[in-house]
Amino acid sequence: MTWHDLRDPNDRELDVLAERYHLHPLHIEDCRHGNQRAKVEEGADYLFVVLKPVHVTDAGEVSITDLDLFLGRDYLITVQEGDCPTVRAYLDQLHATANSSRADQLFYKVADGVVDGYSPALDWFNEAIDKIEDTVLERPSPSTLQRVFSSKRGLIELRRALSNMRDVASQVQRLETELIQHDMLPFLRDLYDHLARNLDMVEMQRDLLSGAMDVYLSSVANRTNQVMKVLTVLGTVALPSIVISGLYGMNTKGMPWIDSPYSSEIAIGLMLVTTAALLIVLKKFDWF
Amino acid sequence: MTWHDLRDPNDRELDVLAERYHLHPLHIEDCRHGNQRAKVEEGADYLFVVLKPVHVTDAGEVSITDLDLFLGRDYLITVQEGDCPTVRAYLDQLHATANSSRADQLFYKVADGVVDGYSPALDWFNEAIDKIEDTVLERPSPSTLQRVFSSKRGLIELRRALSNMRDVASQVQRLETELIQHDMLPFLRDLYDHLARNLDMVEMQRDLLSGAMDVYLSSVANRTNQVMKVLTVLGTVALPSIVISGLYGMNTKGMPWIDSPYSSEIAIGLMLVTTAALLIVLKKFDWF
Amino acid sequence: MTWHDLRDPNDRELDVLAERYHLHPLHIEDCRHGNQRAKVEEGADYLFVVLKPVHVTDAGEVSITDLDLFLGRDYLITVQEGDCPTVRAYLDQLHATANSSRADQLFYKVADGVVDGYSPALDWFNEAIDKIEDTVLERPSPSTLQRVFSSKRGLIELRRALSNMRDVASQVQRLETELIQHDMLPFLRDLYDHLARNLDMVEMQRDLLSGAMDVYLSSVANRTNQVMKVLTVLGTVALPSIVISGLYGMNTKGMPWIDSPYSSEIAIGLMLVTTAALLIVLKKFDWF
Amino acid sequence: MTWHDLRDPNDRELDVLAERYHLHPLHIEDCRHGNQRAKVEEGADYLFVVLKPVHVTDAGEVSITDLDLFLGRDYLITVQEGDCPTVRAYLDQLHATANSSRADQLFYKVADGVVDGYSPALDWFNEAIDKIEDTVLERPSPSTLQRVFSSKRGLIELRRALSNMRDVASQVQRLETELIQHDMLPFLRDLYDHLARNLDMVEMQRDLLSGAMDVYLSSVANRTNQVMKVLTVLGTVALPSIVISGLYGMNTKGMPWIDSPYSSEIAIGLMLVTTAALLIVLKKFDWF
Amino acid sequence: MTWHDLRDPNDRELDVLAERYHLHPLHIEDCRHGNQRAKVEEGADYLFVVLKPVHVTDAGEVSITDLDLFLGRDYLITVQEGDCPTVRAYLDQLHATANSSRADQLFYKVADGVVDGYSPALDWFNEAIDKIEDTVLERPSPSTLQRVFSSKRGLIELRRALSNMRDVASQVQRLETELIQHDMLPFLRDLYDHLARNLDMVEMQRDLLSGAMDVYLSSVANRTNQVMKVLTVLGTVALPSIVISGLYGMNTKGMPWIDSPYSSEIAIGLMLVTTAALLIVLKKFDWF
């Protein structure tokens, strides 16, 4: 059993292998064109599978690349498109440790590694959402919002990759092919299970994110509400003083108490009394 | 018929049993890895079932753990992962009271107990939603909102567990296996029914919660609206007084009535008349 | 043919009948436990059907109870759970008028009566929604909102009952049983049709309600908008007068026209001119 | 081949025909009861079809009525319920021009006419939505909103009718009946296609309407935002003048420049400078 | 093998071809009527296929036209409806370069060209959404909103075309016809894949657009919130000065410090102290 591990779809060796194993030109084109959906297709006497390994950089960028596999009776060709350190490291490790004598076992190990690669991405999103939930209620800010939207974008892409991968896992189980022996079925079912669980998780994360978005919006609305209340109370508290001082500032005759030697005290007393009355009324209507 | 009731998936005994009953290594791994989806899988001559018992603490935390079952012709292995007091108590009680001579009957009893364990969780959410609905219209506050979102989160998890459990109950009915005898079918259908009813309930609770969320948002909007009205009316009511007292405070000559001995009364009278006119206009446009 | 019409699931007679007709213990339990989903199950030589009669009180409360039926070759057992005056009246009337010689015909009549019982509930909601739509645009108030949400809650429950009932009607048609003779099929299809039509209606009512909710929210937003406009215009209209009267109230020297005998008229004229100019500007920007 | 064209379901002739052609009592009841779903049912040796012709009045009211058809081997009975001028005119025209010798051909022509009758309704909605979209961004008003909601209500009803009609068209194609000859199949498929296209159109119109609703809401929010800005700027611009004129209006001693002969000019100059400074600051923060 | 390339569905030649190849009148009508759904139908001994080529003008208008194909054993008829420069150029190029000896190969090439024509449209939307996302958070304006809604409208139409095209590609693969030879299947599957990928992309773009819409709304809400804060602070900061200057402007006797030679300094000092105290309080409540 031979494993051809190509690191570049434009490698000339792919043409040589295509000729040797009678690979369909459309499949070779798919490898070279890149950006495929995860899928499985039956060729003449081989399976062509596209997997979507995922890699999260430290900065939180989700990058999804393609990994193409040709599974024949006694050979496996893997073609890595794009640059995914996670899958590269895993394949190098497989080279060092794996000594499968069967192509379908190796195929499973590669696919299993790709699926395991989703876990760090999900963990990253879990942490990001936890952080968002912590800040969203107490310190809602536009930068939080921006993080909500970039996480949302990442989850949209991740879900798309996962849901196609799950369909592939389900199809591979149902294929009537001799390329995959019967004893591999529990392992493929395990793969499917793992992907379904991941997809469940992504759906839950999306729900949580849209919940966080709702919290954000209602937090902002609530704050506006609070500002309104303070504005009302402060503006209102000053009104009696302004009106009364205006009255005693008039150049008219006969204002009550104007000739008393305590007229200023009386005026200020009036202000305090009306302000207090107003505060009591506002309090009754529960404004602050 | 033997019942092996393991309380810890890392128990060495599980390896012994795996060897004796030829349990598939992937299933043993599933037990030890934890956090599986509810599922049923056919092994060589046994069924591997993962159930999701649920427990609600007094503080309202929903914790969902795993309970793994291996159902053989004359044995049942239960492996409890995580710490779920509800299911532990139920299993202990089964030990004391059950004396089934058939493995499939015991299997049904265990599953039935797990499903019964969902009812307290649903009741807890029912009460929580009732409380939320009571406070949301009259005293909407950010803490209510927080309870809405934590209930939402709990329901998302509960629905996920229930919907997988229902799929398991449906699959078990359709399995063509001799491990479950034909007279158990009505009981399994009953289990399915119970789960479907619970799922209906959770969906309804989700609808009610999102309704409560809408009430909250519109309550807050309504309150803001009310504050705006009071602000307008109060601010507006003071305006004529401020303008007229300003006019009579000017150091200009020839203000009407300024030399009358009743000039203050006239000025204040003017203020009252214009304020009253304004109030009538605002009333007509239905501002307060 | 015998009709056993039990008015209480805890009636001892049910046990007697269970023994005579070999009814499955789980079905008897379902009758006594209550609060089932509408469903149909095939027993040894009978059908067990749970229907969900609905009753609307004058106050607009929707109450949904259970009606359990056991349809045998030559007997029909009806077990009424809960208190539903609509279905009780209908069953009493059936006793008086029906003289079916076949159990399946009587079964159809009972089911048809339960389905007819949904019409008053739908009519009640139609009227409630019409009333809501009338008030929501012109006089939006929190009490309208409360009616929106209680109608929504009622429709959620009604839809759940109807959709399960429809599934039952569809299953009964496809059963391969000799308990229901072939000439009943058009009648069962008619039942299904009736339920599907009702479900369509409930879906439409839900759409209308959520439309009414949207109208409410935009009405409130629109009103806030209006309040803002009036606030702006009134606050703005007073500003020139306040500033100018402040200016002429200063104890400074050399204010223009201050020594003219018409200084007051000039000052007031200035106020009117600036206010008018401001109003023209606001008008141009379409503020009121 | 005979065509019985009844204009009233309560016509006595329907009873005569029911007896002659052995029409099922439930179908006759359906005709007379009205307000059915579009459906097709196989009778003893005839097909019973309910179609939903639609009519839009000049005022934009969508009225959906019932047209019942009984298709036999050598007869067609059409029963028009309710008052739909469109379908009446079409049937009259068919009388004048059609001379089909086969019942299934005439059946197709009637159904085709009913389906063609949907186009004016769709055109009407297209125009209504165009008008709404034109006004919604520039002159959003509650009356626009009312038109949005009435169009939405009309589309909900239209979609319900269309989707049932499409199901009928699809069922009729798959019926294994000798009443419809094989050469009619392309025509029935064409009917199905036409209905599917109409349904697509209605779905798109619904999407456009809900888009217009979103535009409306954000337009209103945007306007509120604009009002807020003007309010802030105007209120703020007047503040320095009010404070400074207040200061120089105090009866205190030692105000700077108070004894200068240019004190008024100095005070007014101060006001202008502080106001200008404020405007520059507001400009920097992009407030107007 | 002959290729009839008609550029106008009203061309008389279409009638000639219809007669020669026995094309069904309904299909000819479909060509001439225009505005069909993408579809495939089996004729007597030919396939009738409607494709939906798409063209994006420089101004960003999406125009979707029809391209009708009749695929016979040894002929292909293409009928272009409407004006789509993209598909016209592609067909002209095919004339120049293609020398297929088989009709089904030519059919595939034409369909492949139509599908490739979707890529520029998708790219155009990708760029448009990128531009929207850039402006929406920093400079939200009604014109951005207008672009959101026109993109949304374009995507609704594009998705409708793509989803019907995908159904066609899936149906063509499953047809049991001798008109398409077996070696074309991988190519048709490739076509399907390409369309499914495009549809995935459109769905993602719709998600991103509705995300951008949410950002817009919350940006506007956030800005309103900011304006409120500034309004509060500025209005509030002026209040103590206005009240105190009003007090010292009163014509009353006995105001404290009124006779001091530093009374103005004392009054202004009072204003500064109270304003500062207010600012500290507002700061503590985090208002600015």
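Which chain is which? They are A, B, C, D and E, in the order written, and residues in each are numbered from 1.
We adopt the following convention: contacts are C-beta pairs under 8 Å (C-beta built on N, C-alpha and C of every residue); 3 or more make two chains touch, one makes a residue touch a chain.
Being a predicted model, the structure only gives us computed values, none of them experimental.
> How short can a chain-to-chain path be from subunit B to subunit E, counted in steps between touching chains?
The least step count works out to 2.
> Go through the assembly and pull out the chains touching subunit B as well as subunit D.
Touching subunit B and subunit D alike, sorted by label: C.
> Give the chains in contact with both subunit A and subunit D, ordered by label.
The shared contacts of subunit A and subunit D, listed by label, come to E.
> So what's the Cα centroid distance for subunit A and subunit C, whole Å?
36
> Measure off the straight-line distance from the CA centroid of subunit D to the CA centroid of subunit E, and report it in whole Å.
22
> Identify all positions of subunit B at which a residue touches two or more other chains, and write them in rising order.
Residue numbers touching two or more other chains: 221, 224, 228, 231, 235, 242, 246, 249-251, 255.
> Classify the inter-chain contact topology: is it line, ring, star, complete, or other?
Basically the chains close up into a ring.
> Give the chain order around the ring, anchored at subunit D and oriented so that subunit E comes second.
The chains follow each other as D, E, A, B, C, starting at subunit D and passing subunit E next.
> Touching residues of subunit E toward subunit A in the complex: what are they?
Residues 137, 186-187, 189-190, 193, 196-197, 200, 204, 207-208, 211, 214-215, 218-219, 221-222, 224-225, 228-229, 231-232, 235-236, 239, 242-243, 246-247, 249-256, 285, 287.
> What does subunit B use to touch subunit A in their complex?
Per the stated touch rule, the residues are 24, 26, 30, 35-37, 39, 41, 142, 145-146, 149, 152-153, 156-157, 160, 213, 216-217, 220-221, 223-224, 227-228, 230-231, 234-235, 238, 241-242, 245-246, 248-251, 255, 258-268.
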